[in-house]
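This report refers to the structure that appears directly beneath it.
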Amino acid sequence: MSTFVLVHGAWHDGSAWEKTVRHLESNGHKAFAPTMAGHGKSAPRNVDHAQCTDSIVRAIVERDLRDFVLVGHSFGGTVICKVAEQIPERIRRLVFGNAFVLKDGNGLMDEVPANYVALFEKLFQDSPDGTIMVPFPIWRESFVNDADLETAKWTYSQLSPEPYQPCKDKLDLKKFYSLEIPRSFINCTEDIALPPGEWGWHPRMSSRLGVYRLVQMPGSHETIYTNPALLADKIIEAGRD
Amino acid sequence: MSTFVLVHGAWHDGSAWEKTVRHLESNGHKAFAPTMAGHGKSAPRNVDHAQCTDSIVRAIVERDLRDFVLVGHSFGGTVICKVAEQIPERIRRLVFGNAFVLKDGNGLMDEVPANYVALFEKLFQDSPDGTIMVPFPIWRESFVNDADLETAKWTYSQLSPEPYQPCKDKLDLKKFYSLEIPRSFINCTEDIALPPGEWGWHPRMSSRLGVYRLVQMPGSHETIYTNPALLADKIIEAGRD
Amino acid sequence: MSTFVLVHGAWHDGSAWEKTVRHLESNGHKAFAPTMAGHGKSAPRNVDHAQCTDSIVRAIVERDLRDFVLVGHSFGGTVICKVAEQIPERIRRLVFGNAFVLKDGNGLMDEVPANYVALFEKLFQDSPDGTIMVPFPIWRESFVNDADLETAKWTYSQLSPEPYQPCKDKLDLKKFYSLEIPRSFINCTEDIALPPGEWGWHPRMSSRLGVYRLVQMPGSHETIYTNPALLADKIIEAGRD
């Protein structure tokens, strides 16, 4: 029996993990999916990356969780690296699920291709509250490419605008890169949220983990919605000793 | 219910899609697989790329097909790009199945590795009628690597020599690259007709599509023969809104 | 009915193929898995690459095997290339299973990334008998990433230290690269024993084979242990005419 802490990505909140949590629990595990500061339909958006991290650390410490597997999806990868720096002794293993593993000193925006930079800057400039919202056509083709249109629309309805500041904040990751916590990378083979190749998730992000375990599964960036049962199985494979 | 127009690749004619058409129809869709000018066992071979394109446009307009998904396989990718330039308003979505998405100004021969260029030039020079015929050993290993020998031989018997001119013609694709028709790319993960990596189908060809939907399936370049049922399923996934 | 000669990789001996042999036999084939000189729990370790090769050639000639498929796993790839140079007329097809296909003049150590070079040099210098033993944490994460911990430990118990000299020996492969024996490459898609990308098995190694057949399957570098039934199926697919 393991304990999993599941950290969501951009536009999501903890509720995105609902079905994954259920599958993990039905396999005899415990799972918690806190919502980061600045995320969720009604939360105020004026947060930076440190506040995102602190809110996850707080959720873990309040429950006094120990010896757990810390899972990050997408943007959540940047957060679990910083959480690991604060409370390394509580973490049994880190699992990055098509997640950012930033180079020391970079922010997320330093690691996405120019077309995303241009799009997000424009969305930010047009936004009244410093957020960016992924346009549906991009979401439908690049994020939930394995869903039918009805599912794609439903998943889009679950999203809320992402505060831009945490995506821009440059992160000091020197301590993270000195940690010796075991780590795994789950790669969904049809994930094109980052374009495959030079800018792709795998092996670009995964290779930065040093000695790591690779687990792959079919599916898009959003198997959290389109295949939560298999995602839970793969989180178990990735998270075991 | 959707309508699919299926455009074959080199050495093939419309009959290559026979089983795929049947599977699409058994799923409630309509499907047409015209044969390009210069293709099929008995057609005269003195055609260029424009004539290939025009023959497909004519087949579509004669049937007055509208709101259809236009699918191109391999060389057929170069043709559907030019068809889309002529009748964009009729096309709901473009689907490239391990298909060429040429750079503006290139011909197919500009986008294959040097060993193919040398082979095809030699075949062309030795040909009485300006055609090239893929040699069986290359077909067996690089095109139908997922077939047993008997199937490989049967598929080879279905082929006929490819007119070389359409492979050499350089294509003005400026209009294609300005079109906003939604597009998908189907990648068969064991397709080595183009060598994986620097010269591979995916992401080299797919990435040129801008925002596109990726669908993958196991199999060789010729799942049209070796797995038409799954190919039909994936065409449906790739072609839906 | 085919005959397969299965050549193990580093740290292994012929017994690693036990279950694969059983599956090949239950499919009506014959299979032999000789142990290389310098390998196996009790063999003396003072061997070079030529002795590894010679021991396999001897095992084949003693049984007077002909018209067989020669399969090499990992380091075994370097050996089957040299075996093929000695007895090409006996070999129907070469199958490389996530195996090294060295450039002419290179040794295995010339084709692994710097972190492995540093690790293996250190292991060698600390070794009383000129061997290197892969540390369990690397084995567990990078070689048997698809196994649970219990299986990982059991597989590790099957290993024995690898003589380092055969990994360093630079191989003249001019004759190998002139041979016209058909060849296949089996790629396990979660194999990270070599890091995916620039240093990966596929297409780096496979592309050196010229015209070759690609067969892929899910799994780690050690499907010999974690999925021998599927591995046997894929060896049959890779080995057929």
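Should a chain be cited, it is by its letter among A, B and C, assigned in written order, with residues numbered from 1 in that chain.
Here is the rule we go by: a residue touches a chain if its C-beta (ideal position, glycine included) is under 8 Å from a C-beta of that chain, and two chains touch if they have at least 3 such contacts.
Bear in mind that the values here come from a model prediction, so they are computed numbers and not experimental data.
Under half of the residue numbers found at the chain A and chain B interface occur in both copies, marking it as a different-residue contact.
Relative orientation of chain B with respect to chain C corresponds to a rotation of 120°, obtained by superposing CA atoms and rounded to a multiple of 5. Distance between chain A and chain B, defined via averaged C-alpha coordinates, is recorded as 37 Å. Counting only residues that touch two or more partner chains, chain C has none. Residues 182, 202-204, 206-207, 211-216, 237, 240-241 of chain C are the ones touching chain B in the complex. Taken in their complex, chain B has these residues touching chain C: 137-138, 140-142, 145-146, 148-149, 189-190, 192, 195-197, 200, 218.
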